[in-house]
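Okay, structure first, notes after.
Chain naming follows the written order as A, B, C and D, and within any one chain the residues start at number 1.
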Amino acid sequence: MIREIRQPGTHSFVFSPYPEPIASVRPGETVAVYTIDAFGDLITSETDIPSKILGNHLNPQTGPIFIEGAEPGDTLAVHILDIEPTRDWAVSAHLPNFGGLTSTGLTRTLNEPLPEKVFMYRLEDKFAIHNERLKFPWRPFLGTIGTAPEIEAISALAPGNHGGNMDVPDTKPGNTVYLPVCVEGGYFFTGDCHAGQGDGELCGVALEIAAKVTLKFDLIKGASIAWPRIESPTELMVVGSARPMEDAARIAYAELIEWMMELGWDKWEAYQALTQIGKLYVGNMVDTNYSLVAKIDKAYAMLSS
Amino acid sequence: MIREIRQPGTHSFVFSPYPEPIASVRPGETVAVYTIDAFGDLITSETDIPSKILGNHLNPQTGPIFIEGAEPGDTLAVHILDIEPTRDWAVSAHLPNFGGLTSTGLTRTLNEPLPEKVFMYRLEDKFAIHNERLKFPWRPFLGTIGTAPEIEAISALAPGNHGGNMDVPDTKPGNTVYLPVCVEGGYFFTGDCHAGQGDGELCGVALEIAAKVTLKFDLIKGASIAWPRIESPTELMVVGSARPMEDAARIAYAELIEWMMELGWDKWEAYQALTQIGKLYVGNMVDTNYSLVAKIDKAYAMLSS
Amino acid sequence: MIREIRQPGTHSFVFSPYPEPIASVRPGETVAVYTIDAFGDLITSETDIPSKILGNHLNPQTGPIFIEGAEPGDTLAVHILDIEPTRDWAVSAHLPNFGGLTSTGLTRTLNEPLPEKVFMYRLEDKFAIHNERLKFPWRPFLGTIGTAPEIEAISALAPGNHGGNMDVPDTKPGNTVYLPVCVEGGYFFTGDCHAGQGDGELCGVALEIAAKVTLKFDLIKGASIAWPRIESPTELMVVGSARPMEDAARIAYAELIEWMMELGWDKWEAYQALTQIGKLYVGNMVDTNYSLVAKIDKAYAMLSS
Amino acid sequence: MIREIRQPGTHSFVFSPYPEPIASVRPGETVAVYTIDAFGDLITSETDIPSKILGNHLNPQTGPIFIEGAEPGDTLAVHILDIEPTRDWAVSAHLPNFGGLTSTGLTRTLNEPLPEKVFMYRLEDKFAIHNERLKFPWRPFLGTIGTAPEIEAISALAPGNHGGNMDVPDTKPGNTVYLPVCVEGGYFFTGDCHAGQGDGELCGVALEIAAKVTLKFDLIKGASIAWPRIESPTELMVVGSARPMEDAARIAYAELIEWMMELGWDKWEAYQALTQIGKLYVGNMVDTNYSLVAKIDKAYAMLSS
C-alpha cells in the first residue's frame, strides 16, 4: 500500500515569507539605521582569507523595517539624508570565482581561480586610502536597499524589481529612492554601505564599510511602480536588474518611459527623447542580476504645461 | 532626537525560509504525490481569459516533503516511477508578455502583446488532442521538482541549483533525479506535471495536467552535488539553469565533467569526450532562468576499470 | 590649407566583396568538393603547439563556387550525398582562450588560459580512436557550409544568416541544406569537415578531417529564405546563429514558424505545436555566434490537405 | 563521372578584402573629411517612409583612407579636431524591427512592429530642435570610426575590435581615438556623424547629420592595441563591442587594465582601482554588437614615477 500525499488545500507557493520586523516606522519619521559591512564585519586584516572565513551568509542587512500604513500598491519613498562611517576603515577584496573579470559560479569555466587578496583602506580626510595609488574620495552610498518581494524571500545578494543588492552609486545622500510596496508594511531593509565604488563594482567588492544611515520615509498611497526609481535634485532614474545585461538596460529605459508618460509625455516622444539625451551606466556587473541605471535630466523630462 | 535602529545581533538574511512540511517520508519509501496544474487548476475552458483569472501565485507545488535523515551535504535521489493523469484533459495557453517569442517582463520592448488564447486538449488513447493538427503523444514528466535552496525561499516559477521549475522533459518516469540537500529534511517539492512538451517550452505553457506521481526516495549520505543530475537507463545528465542561455550551457557541461571525474575520468579527457560525444538541449527558454540539459551516453561515460 | 576628402559619389560600403569563383556549377550537377581541415592541415602531431603554428587564417574553405543561374532572392538547395575522409586520421585540440568552458577573446577574464593539448585520432573501422576512452563513431558532417552574405565578406569562422561556420551535426549526408542566395551566383563555400562532434562543440575543436564531399545543387527560383534550413528524411530544421544564445534560439524557432506557415499552418497553431513537440539543440557554443537548431518532425509539420 | 573541385593551393579565406583607397594621408597631416548621414542622405521629410526608401546599404562611410607608413602592429591615433554640419538639419526615426526596445532581426519575437516615424530637427543656435520638448544641445561626434579588420570586410553597421559603428559619444572633438592597424595603410574610414545622442542610442537612430570632419592622424609605430582606445584631456577609455552586453563590458574593462599595465600598474592593483573608481556606460544597445565604454580619470591612472 503506497502512502498518498495530498496538499491540504490549494496553496500556491512552497515557501513562506519574511521574519518579524525589527522596527516599525511612521511615514515622515527620520531614523538612523546602523548597518554592518557586506562581510558581516568578519574581514579585518589583509592576512584574513575570506574564502575560509565567510560562509554563504553574505551581505547581512538591517531589517525588515515595517512601514506603518504601507499596503501593496503603494510606493515607498526613502530619502537618504546621510551616511556616516561607524569605523575608520573600509575593506575590499578579490575573492575566488566572484567578480566581473573571472570565471564564476554562474559563468563557469575550467580556468583556475584568480588569486585571493584583501585590501584594507583607512578612512581619513574624506578619502579611503590603501596606498598612494589606491586612494579614492569618500562617495558613500547604500549598496543594498529594498523592500520585500511579493512572493519570494530571496537572498540579500540579489537585486530585482524590489530593489535589493543593486550596487548603483546613485542610492546616495541627497537622493530619494522609490521602492514598490508588495507586502503590508513594505518590509524595508538596507545594508552593504560603500565608501565609494566604480561603475560595475568590477571585482565584486567595493569599499565596504559599517555605517550609520539617516533615512526619512514617505508613503505615496495608491501609486504603484514596477521597478525602483531614484530622484536626484537634477535627474530622474530607473534601475533595471536582470541577465543578460541588455535585459537590464531594456527594463531601465522602458520603465523610464513609463515614468515620463506619468509626467505627461507621449510614449513615442519619450522614446525619442531618451534616444537623444538619456544616460545609461552599469551599476553592477557582478551580482546575481546585473543592475543598470537609465536616467534623464529633469531639465528635459519636466514638461512645462 | 532621531530614533536609532540596530539589528539585535548579527543576522545575515532578511528573510526566513520555509513553511511546515506537509509530510515526512523515509528513504526507501514509495509514495504517491498528487499535484495540481501550473494554473492552480483554474483554467478549464477556452473562453477563460488567463490574465484575468490568474494572479501572481502561479505554479503551485505539493510540498515541502520532509525526507527523514536528510542533512545538508547529502544528495537526494528521486526515482520517478509513474505519472498518471487525474483528469482527462490538459491545457495550454498563449499568455500576454510571457513566452519565448514575445516581449516579456524581463526582455522588455514597447511592442503590443501577443493575442491571448487557451488551448484545451483531451487525453485519450495515450494522446493529447486539441484538433487534427495539434495532437501529441503522452510523454509525461515533472515540470518542477526540487529541494529547498540553502538560504532563499524563491518562487515556484524559478529553476536553479536546487532544481525547481526546470521544465526539462527528462524528469520523467524511468529516470532518477538527484537533488542537493541544503537544509535538514531536504524539503522536497514537485508539481507542474506536463503531458508532454517540446524543447524550450516555446510559448511558456506545456500540456498542463493534474497528476498522481509515484516516487521513491533514496538518500546518498555525505555526497554533495552542486546542480541537479538526472540518470536514465542509458544516459547521465546535468541541468544548468541561468541567464543568458550560454551560462546555463556552461554550468551543465562543467558539472557533467565533475560527475565524470567522480567516475574516474581525467578532467581534460572528460572535456575532450564531451566535445565529441556530448548532447545539449534546451529544456526551457521561458522561465526566470533558462534550463539546459547536458548529457553523455553511459556507454562512453562508464570507464572499465 | 587643409586637404578635403570627399567620396567620389555616394557609395554605401567601405569594403568590396568576394574573390573570383574557383568553379562554376550547374543546378542538378553532382560535384565532389575537396576540403582541408580547419587548421589548414597544419597540425599533424601531438607534439605540435597550435598557438605557435596557427595564425589568424583559420578554417580555410573551398570556394567560392558559382552556381549558374542563381540570383538574389533564390534559395540554394545543397544535397549532401557523401563525405569521405581523404586521410586516415582526425585531430582535435584544446587551444588557449578558445572554447566553451574557458575565458576567451569575447568573454574576457583575468584567469590564466587552460593547458594547450593536441589529440590525434586514427580513423579505423568507422571509428575515430585516440585511446580506449576517447573512441567515437564515424558521424561525418560539414562544419561550415554557406553562401556569400549580401554585403559583407566575413571570416570563415563566423556563422550567420548565410550559413557559414554553424557546426551543427545535421549538415550531414542524407540531408539537404537550404541557403539564401544573396549575390549573383550564390558564391557557395564549404569546409571544416568533422568525423563527429558533440552538441556545442564544447572545447571548440571537433574531430577535424580533410575530406572529399559529394554534393548536388538545386536552385529554387524566386523563393527566398532568411536563415539556413535543413531537411532530413524525417525532420524540418532551421539554424539560428547569434549571441546571446537565447537570440539564436528565438531566431531558429521564429523561422521554423515561418516555414510551417509556408506549409499552410496558422501562425498561432504553429507556435503552439512547436511548444509541445519542437526540438532545440545547441550546435555550437564556441564560435563568434552560437548556432542552435530548432526542428519539428515531418509527421507533425506536414498538414494533410 | 563526377567533376572534382579542388582549391588551387591552400588559401584560408573565401573572401577578399577592401576596395581602393579614396585618398592617401601622411601622419601629421590634417584633413577635412566629408561624410553623408547614416541614411545616405535619403530621408529628408517627415512624410518619408524609411522602410520603403532604404535598402540594405545603410550607414555609408567615407573611405577607405590610406595612411602612409601604417603597417600591421602599429596604432593609428586620430585626433578629432572639429565637426561642422554641412546642412541645417538633423534627422532621427523610429524604424520597424530596429532599436533597443523592440523585437528585431536578432532578438526575434512574434509581436507586431512598432509604428514607423521620422523626426526632423533643425540645427539652430547650437541646438537640434524638433519641437519644444525634443530640443537638444549640439554635442557632435562620429558614430562610426574605424580601420579595416585583418581578414574580414564587414558591414559599416558593425562595431568590433577595429572600431566601426560604435556609436559612443566620446569619439568627439577634443578627443583622440586610437585604432589598431591590421592591414598596410590601415584603411581608415568614418561617417555616421551625430549632432548628439543619448547613451545606448535607444531607438537606434541618433540625430543624424551630414558633416565636415577635421581630423589629424598620427602613427605610433610598433605599438599594437587589441581594441579601440579613446583619450580625452582628462580620461582614458576603452570601447568593447560584443553580445551579450556583459561580454562588451568585460572586454572594455579588461583592455583598460592592459592599458594601465602599460603605464606601470600592477595587474591586481589596476583591477582593484577600476573596481573603486572606474566608469562604464553604454554607447549603443542597438547595433550588431553592443558597445560599452570603460574609463578612468587620468588623475587616478597616471602613476607618478
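The definition used in the following text is that contacts are C-beta pairs under 8 Å (C-beta built on N, C-alpha and C of every residue); 3 or more make two chains touch, one makes a residue touch a chain.
Bear in mind the structure is a predicted one, so any value in this text is a computation, not a measurement.
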Neighbouring chains shared between chain C and chain D, ordered by label: A, B
A-D or A-C - the one linked by more C-beta pairs in contact: A-D
Centre distance in Å when chain A and chain B are each reduced to the mean of their C-alpha atoms: 29
Distance from chain C to chain A - Cα centre to Cα centre, in angstrom: 43
Chain A and chain D: spacing of chain centres that average the CA atoms, whole Å: 32
Multi-partner residues of chain D (at least 2 other chains): 101, 107-110, 243-244, 250, 254, 257, 271
Residue ranges of chain C touching chain D (in the complex, touch as defined): 2-8, 10-19, 22-23, 25, 29-34, 36, 40-41, 56-65, 106-110, 148, 150-156, 158, 187, 189, 214, 242-244, 247, 250-251, 254-255, 257, 267, 271
Footprint of chain D on chain A - complex, ascending: 92, 94, 100-101, 115, 117, 119, 128, 130, 132-134, 136, 196-207, 243-246, 249-250, 253-254, 257, 265, 268-269, 271-282, 285, 290, 292, 294, 300, 303-304
Chain C residues within the chain A interface of the complex: 101-103, 107-114, 244
